[in-house]
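Please find the structures below.
You will see two complexes here that share chain A, one where it goes with chain B and one where it goes with chain C.
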Partner chain A sequence: MRKFNVLSVCGSGTVTSSMIAEKLKEAMEEQGIKITATEAKPTEALQLSEGGNYDFITHTSPLPKGNYPVPTIDAVGFLTGFGEDEFLDEVMRVIKEIESKS
Partner chain B sequence: MLDLDLVVLHMEAETSNEIIQNLGALMFSKGYVKDSYIEAVLERERNLPTGLPIGDFCVAIPHTDSGHVNQSNIAITTLKKPSIFHSMVNPEEKLNVEVVFLLAVKDPNLQIQLLKNLMSVFQNKELLIKVRDASSKEEISELLSCLDQ
Partner chain C sequence: MSLKKSKVNHEIIKLKGEISVFFETLKEVFQTFGSPVFVPVIIFIISKILKVNNKKAFFSALYAGVGLEGFTLLLNAFTPIITPVVKSMVENTGIQLPVFDVGWQATALVAYSTEAGMIFLGVGLLVQTVLFLTRWTDVFQPGDLWNNYSYMVWGSMIYMVTKNMILSLGCMILLNMYSLLIAELIAKRWSTYYKYPNCTIIAMHNIEAALFTVAFDPILNAFGLNKIKLSPEELQKKLGFFGEPVSLGLLLGIFIGIMGNFKALGTLAAWGQVATMGIATSAIMAIFPRVAGLFAQAFLPITDAAKKSVKNGSKSRKWYLGVNDATGYGEPATLISGIILIPIMVFMALALPGNQVLPVVDLLALPFMVQGIVPLVNGNIFKVLITGTIWFSAGLYMCTYTAPMFTDICASVGVHLPVGALLITSFNILGKPLMGLVFLAFLSQSPVLIGIAVAVYLVLYVSFRKNKEAVYDYLDQNALKNTAEEAKSEITANT
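And now, the complex of A and B:
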């Protein structure tokens, strides 16, 4: 199964990041993709992503400015249900891009 | 799981701070949260607001780190008139929020089901409208019975 590591970011690194991570895992499983997620706060995102362990970042709160080494995807639409399809399309686009490079 | 003492109908409050303080005090009085909780929620809301637009209906889900929580629970209030919270997506943007869910989550990993149920609640605009228009705590409890699983 194709596997991806996601850094799920939200203000407290607990509530909405867990909601997004869980929902994303379910949605991706239907596509045959296994997602492993780690939750974090916005202040931790840059450093964690520089560690090289994550394929992309999803976030509900804005990320601090910086050069993130991986794609970052706004997940609020996924959280509220308004813009869910756009979010999932973007995730699939990022995943395909990552796969085409490896 | 929904504690009716944490449900407030038609709260009269001017600001988001007041709402958080009122609901937080209820949580604290029942021992669900520590004394550092309210301030932590207010601080978080200042920097990383939790207003969410569900179409044209706005809710807010203020919360903070699990370190300030003793036991998970949710306090809910419908407002007498909409109150301003800032948007999670764009902190400069003001939203007229009509229903507020104050969350205390002890361990998100253990409470995935609760979080999923909560997410389906606030993605459901029709349900939110019914909650806003509810005339009793029992009615709200019934509307949100999915949170009891």
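And now, the complex of A and C:
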């Protein structure tokens, strides 16, 4: 099984990010991809992503400006339910990009 | 005819009897099993009604129980540490702040575990869906079911004091309707400012300030404050220290510790307690939210199922989807003004006569709380600071007043606080002056006061709905009077 580490960001780093992470895990399991997620606040995102443990970031809050070393994906559509497919397409695109590099 | 009537009356009496038996039984079962067992069962049943599959429903239910038990374990471990310190702070320094703010996450867990809360879990979803489908409101609230706990807290207090579930339900539904009205009032501004098309936030505790802002803003403009442009990015970087749970917790813990040991600061034991308080408060700030994160997973399947049910029936009308307020959190003017308000609110809590609340965990919620203000003043940070300081200070008094009742509710779901030593509150959830007035009307059980609360709602509702476009235009024009640039946020995929 293919495995990816995701940093899930929302305002408080608790409620919404947990929901997004859980939903993403389920959706990706159908594709044979295992997602491990960590929840975080926007202000922690840059520092955590620089630690090198994450493959990409999903966020429902705007991220502070910075040079993020990994792809960042807006997850608001996934949260509202009105852009789920677009979000999942974007995740798959990022995953393929990561796989082609390694 | 009269026979028919008496038969109907008889049926009504029978129904009333059945309802009260139902609530009595519910109460007994509830008390025997306790909320960490009872809540998962309810979540499982609701999930099944919404046709969630067994595995998902089971895990949702279990997460709810785990979150709740985790919260009880934590708070029961924390109170013996903080209680003596707060007590001696009150005795030694005369700082009368015996009400500790445990934060919105903990409050949510408590609210969901009360009888009133569990009943509203179903009733709220139903009421909100019906109000939307009948076009009473153009905001679809079940997009963010999580925040329903905001009504449950008030409703639970009504039920605890009056033992009247109908009254409690009435209070929760009226509060819900008030907050839907506010959500619709700010919908266009929120959606435009934060750049989420057709979305608005619905959390009552974070939009209540909008009513005050609408009334207060013309006064600020009269003083020319709309021309002030503040862009304190530098200040935010310096104050960023306050915005992190662990560092803010340490700082506040040490502060309480020093106040509590004011007369004994020459002794080693005193500094031991100061340091312990610092680390313990820091730990609470960091761990509480994680527990709420576990609990939140229980709500995902229900929220998703509710959203799917409305998608089909909502074509060809202009409407707004209720989204979680996390979506506005990181916007620069919001985050900056929220963080600057942290030290301001601590100062206000110390300075205001009669206030008994020390805001702690919910200081971190300030960037959520200002979201009812920021879009209306188009990100004018200076105005947000003034409006927020006044309104949230008023909120401290509502927290002070409701603290004994809220503490009792916590005790009823299994948090054991030593009597008379320490009270708890949530600065974000209970610090709502206007919604608090509606609550007080129901608490009084006076038909006149409840009638006034309903009448005020109806007047506001009718005048808003009749002039909706004009109100939206006014709010837009008023917001654009501010010279502050609309802050550019880093929304990448959406734009």
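Definition applied: the second predicted complex is superposed on the first by the 102 of 102 C-alpha atoms of A that agree within 3 Å, B and C clash if a C-alpha of one lies under 4 Å from a C-alpha of the other, contacts with A are read in each partner's own complex, and residues count from 1 in each chain.
Note that a residue touches a chain if its C-beta (ideal position, glycine included) is under 8 Å from a C-beta of that chain, and two chains touch if they have at least 3 such contacts.
It should be emphasised that the depicted structure is a prediction, and the values quoted were computed from it without experimental measurement.
Chemist: When the two structures are laid over each other on chain A, do chain B and chain C clash or fit?
Modeler: On the superposed model, which is not a single observed complex, chain B and chain C clash.
Chemist: Based on the superposed arrangement, let me know which partner A:E90 touches: chain B (first), chain C (second), both, or neither?
Modeler: A:E90: touches chain C, not chain B.
Chemist: Using the superposition described at the top, determine whether chain B or chain C touches more residues of chain A.
Modeler: Answer, by number of touched residues of chain A: C.
Chemist: Report for A:D55: first if it touches chain B alone, second if chain C alone, otherwise both or neither.
Modeler: neither
Chemist: Quick one: is A:P64 in contact with chain B, with chain C, with both, or with neither? Answer first, second, both or neither.
Modeler: Second partner only, chain C.
Chemist: After lining up the shared chain so the two structures overlap, which partner does A:S12 touch, if you call chain B first and chain C second: first, second, both or neither?
Modeler: Once the two structures are laid over each other on A, A:S12 reaches both partners.
Chemist: Mind working out whether A:E39 is in touch with chain B, chain C, both or neither, as first, second, both or neither?
Modeler: both
Chemist: Between chain B (first) and chain C (second), which, if any, makes contact with A:V76: first, second, both or neither?
Modeler: both
Chemist: Could you give the residue numbers on chain A that contact chain B in one complex and chain C in the other?
Modeler: After superposing on chain A, chain A residues 11-16, 18-19, 22-23, 39, 42, 60-62, 74, 76, 79-82 contact both chain B and chain C.
Chemist: Hey, which residues of chain B end up touching chain A in the complex?
Modeler: 44, 47-48, 50, 52-55, 61, 63-66, 88-91, 103, 105, 108-109, 112, 115-116, 118-119, 122-124
Chemist: Enumerate the contact residues on chain A facing chain C in the complex.
Modeler: Listed in rising order, the residues of chain A that touch chain C are 10-19, 22-23, 39, 42-44, 60-65, 72-74, 76-77, 79-82, 90.
Chemist: Applying the document's contact rule, which stretches of chain C touch chain A when the two form their complex?
Modeler: 105, 143, 146, 196, 199, 240, 243-244, 289-290, 292-294, 296-297, 299-300, 303-304, 307-308, 311, 321, 323-331, 335, 364-365, 367-368, 489-494
Chemist: Within the complex, which stretch of chain A touches chain B?
Modeler: Per the stated touch rule, the residues are 11-16, 18-19, 22-23, 39, 42, 60-62, 74, 76, 79-82.
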